[in-house]
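Both of the next two complexes hold chain A, though its partner changes from chain B to chain C.
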Partner chain A sequence: MKPFKDLFILIKKDILNELKTGGALISMLIFSLLVVVIFSFTLELILPKVKLLGAVLIWMTIIFASVIGLNYSFSVEKENAAIKAVMLTPVDRGVIYMGKMLSNLIFILIIELFTVPVFLLFSNYPLMKVIPPLTIILMLGTAGISSVGTILSAISTSTKRRDILLPIILFPIIIPVLIGSIRCTEIIFLGRSLREEAGNWIAMLGAYDILFIVVSFLIFEFVLEEL
Partner chain B sequence: MRLKRALMATLKAEKIKKYFGQRKVLSNVNLQLENGELYVLFGPNGSGKTTFTLIISSLLKPTEGLVTFENKDIYKQDASYRKKVGLLTHSTFLYENLTGFENLKFYGALYGILDIKRRIDELSLLFEIETRMNESVRNFSRGMKQRLSIIRTLIHNPEVILMDEPYTGLDEIGVQILEGQLSNYRKSGKVIFMTTHNLLRGYGIATRIGILSRGRILFESDKKKIERNELNEIYRRLIRNETF
Partner chain C sequence: MKIFFGIILILSLLASIITVFLVAPVEETMGVVQKIFYFHVATAWVGFLAFFVVFIGSIGYLIKKSKQWDIVAYSSAGIGVLFTTLCLISGSLWAKPAWGVWWVWDARLISTLVLWFMYVAYLILRFETEGSERSAVFCAILGIIGFLDIPIVFMSVRWWRTVHCDLIVVERTGLTPLMLLALLISVFSFTLLYFYLLMMKYEIEKTKDEIASLKEKLRE
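== the complex of A and B ==
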């Protein structure tokens, strides 16, 4: 039970810290809403089949907004070297990773909670039909971004150019998640069945999430030593 | 005497070497700490005091050498050693956006302290910051942050207390409270290790002293065997010889 208790304490601290400053969440939210609104209006003017681009647009918005939050997530730990004190507590180092990963997941999902319905409304998608299957894909894709993004954020946070380094190392690794998520979202937006047409993609997304969560959990101890 | 100390030692560092890249920071450092002892390590800036403190805390691994606590390698003990260590460094280890209370509650919870609020009340009263506990740490002065950081170090009542330059930012009252508390902890049998370049303060509180320069312990003695002026003289001589 202790790991779960520790996990809860770590996530609670991250949420409390975010509530006090709103640093990452507000920036992510403003950015993603602006992108969605601007693209929804402008693309419709120049592209008659804008709906075909919807899946790409929504995932590009999510990934760029995520980078803002991921960059922030370890900078708060580096300030006053607070992460060192956390490392000195009897908490398992893998649990520290899980806590950070789940906090990032929660923050990105909160952004999606606002951004995705706005995008769907502006683009005239049938909300009730699209939202249930899209929720599954959003969860799988966001878990992938968060699992890889958290460990890469920890690695890049000690470097001088961390703001630019994170996207440079994150984007190539995240390509399978992006392709899988965009493909599944496209199928949903075209009104087709996920079960019939996206089974392999969903399995790939699930496998990617599990693989990166397990690997990151195991190697996080070594990453922490360099922080 | 040395053999007796080695047999009784609770925390033992043997042949510690540490390199950062090509730069040698610690060179064959040996140290044995017993229960009920307050060891003060003096040294000029850049002598390796902080690096050595981090190594015996388990936060930093030595390039070569072994650190044991109760005859077990501290890096193989995992959480059991970390649970017994309290570490204070130049960095406060505090979350600036949280209040003093929230910081301590967070760390206390990670150490599994049952009655956290009572423990926080007790220590904040002792270090006279009880009226500031609900303020954001960002608004604290350096001295107040240091007091809060000392409480964070002691929150879980550690058996091994490691303090790197604990006087930083503390006013006279803060220093007196800290020294009184460390003295009580020493009498209760805890292992206390402290680094400072303040000879006057360090000598006053120590039971054993050492001088570290350029990554080597050049001098070590029981406090009883050395006068303050003598220590001052030895320190100056050793540091001068090492520098020039």
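== the complex of A and C ==
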């Protein structure tokens, strides 16, 4: 199973790089915690029912933190032309995409692992009841963000104003993920059943993830050649 | 050939103006304002058509790697953004008298706005990468991903906003045959206008390209 072995090595490389250099993860984490804290206490003053906004706040925080991480994921590869070295290895181009996509997914999920519980605690949500269904939605939504985000960040990091370009090209594309995830999260926060009320949203999120992972897998080689 | 096309275009645009303002009856409840509808629908249609051409051009470029496909995609994106902008503006002008507000967060309006942002981003990406070989590849990738995203955007926004979904459909069902004729003629003439603009833009971009390569030769 060479592709899977390759995939594992690629992900391991990204994680090791993150650990050794102290890359973007800590900044992403502190940034998203800050956003959550600022949102929570400023809105508390204005709106007594801040809980109703919870779904929107969580996902806005996630997409902003994701942009930071995604921007970093390819700019670090471009330094010293590290990506060229990866391309010289006998690894399928699609596998390079999968590796990058999965490590981005892992990093964003790590951020969520800290940020989301903190947010839930601050706003007094029933933790035990909310967390299991929320985990599914976080996985699906984050997979959607990193599927498109990985290929688009490869594109945006090759341009002059790369930091601002990524959100501009990414946000319109991930609007379905965003509204799907927000709707599902809202249903969870209202204490209703996902299975009864959000079946079509979950199907949409799943379809989105699969579609864009497959499409990006197929066209990623064109991007790699131009990096 | 070009002049011939131009004459047909002018004639059909004139025909659409005449049928819209003189032949089609004035709508009872909304009055003259409803005339915007004919151009509004036509601009929306041209927007979609243009983005579809971007998609085709992008795929063509990635397969053939020939510059022509890229120029078609790029030219079409510009025209598409122009017509989507006109569609949003004309829609807003129509919404004010019809619904009493400039903007409603209705499914169709949100989708069109998202579409507009998507292709403005395409043009910005083009601008940021201009002059390099990358430009064509990157934009082709965005053109493909963006177009595949459109149905999902439409579907999800529709589910999100089921409340005022059928505002426009209600009006559309009340069309008399003459109104339908005016609509068809204006859609047809706008489609011709699109192809004419695409042709012009294609020639301009192609000439620009030739000049650039000539300059390159001179430098050598």
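A few notes on this one:
Keep in mind that, in the parts below, the second predicted complex is superposed on the first by the 227 of 227 C-alpha atoms of A that agree within 3 Å, B and C clash if a C-alpha of one lies under 4 Å from a C-alpha of the other, contacts with A are read in each partner's own complex, and residues count from 1 in each chain.
Everything that follows uses one rule, which is that a residue touches a chain if its C-beta (ideal position, glycine included) is under 8 Å from a C-beta of that chain, and two chains touch if they have at least 3 such contacts.
Just so you know, these numbers come straight off a predicted model, no measurement behind them.
Once the two complexes are laid over each other on the shared chain, residue contacts for A:16 go to chain B alone; chain C is not touched. In the superposed model, A:173 makes contact with chain C only, not with chain B. Using the contact criterion defined above for the overlaid structures, shared-chain residue A:127 touches neither chain B nor chain C, since it reaches no partner.
In the superposed model, A:2 lies in contact with chain B only, and not with chain C. Of the two partner chains, chain B is the only one that A:79 touches; chain C does not reach it. In the superposed model, A:225 lies in contact with both chain B and chain C. In the superposition on chain A, A:88 contacts chain B only, with no contact to chain C.
Comparing chain B with chain C, the partner in contact with more residues of chain A is C. Of the two partner chains, neither chain B nor chain C is touched by A:210.
Under the contact criterion defined above, the residues of chain A that touch both chain B in one complex and chain C in the other are 225. Residues 62, 114, 117-118, 121-122, 124-125, 128-129, 133-134, 137-138, 140-142, 144-146, 148-149, 152-153, 155-157, 159-160 of chain C touch chain A in their complex.
Touching chain C in their complex are the following residues of chain A: 148, 151-152, 155-156, 158-161, 165, 168-169, 171-173, 175-176, 179-180, 183, 200-201, 204, 207-208, 211-212, 215-216, 219, 222-223, 225-226. If you check the complex, the residues on chain A that touch chain B are 2, 6, 9-10, 13, 16-17, 20-21, 76, 79-82, 84-92, 225. The touching residues of chain B, when paired with chain A in their complex, are 57-61, 79-80, 82-83, 85, 87, 89, 91-98, 102, 106-107, 109-112, 136, 152.
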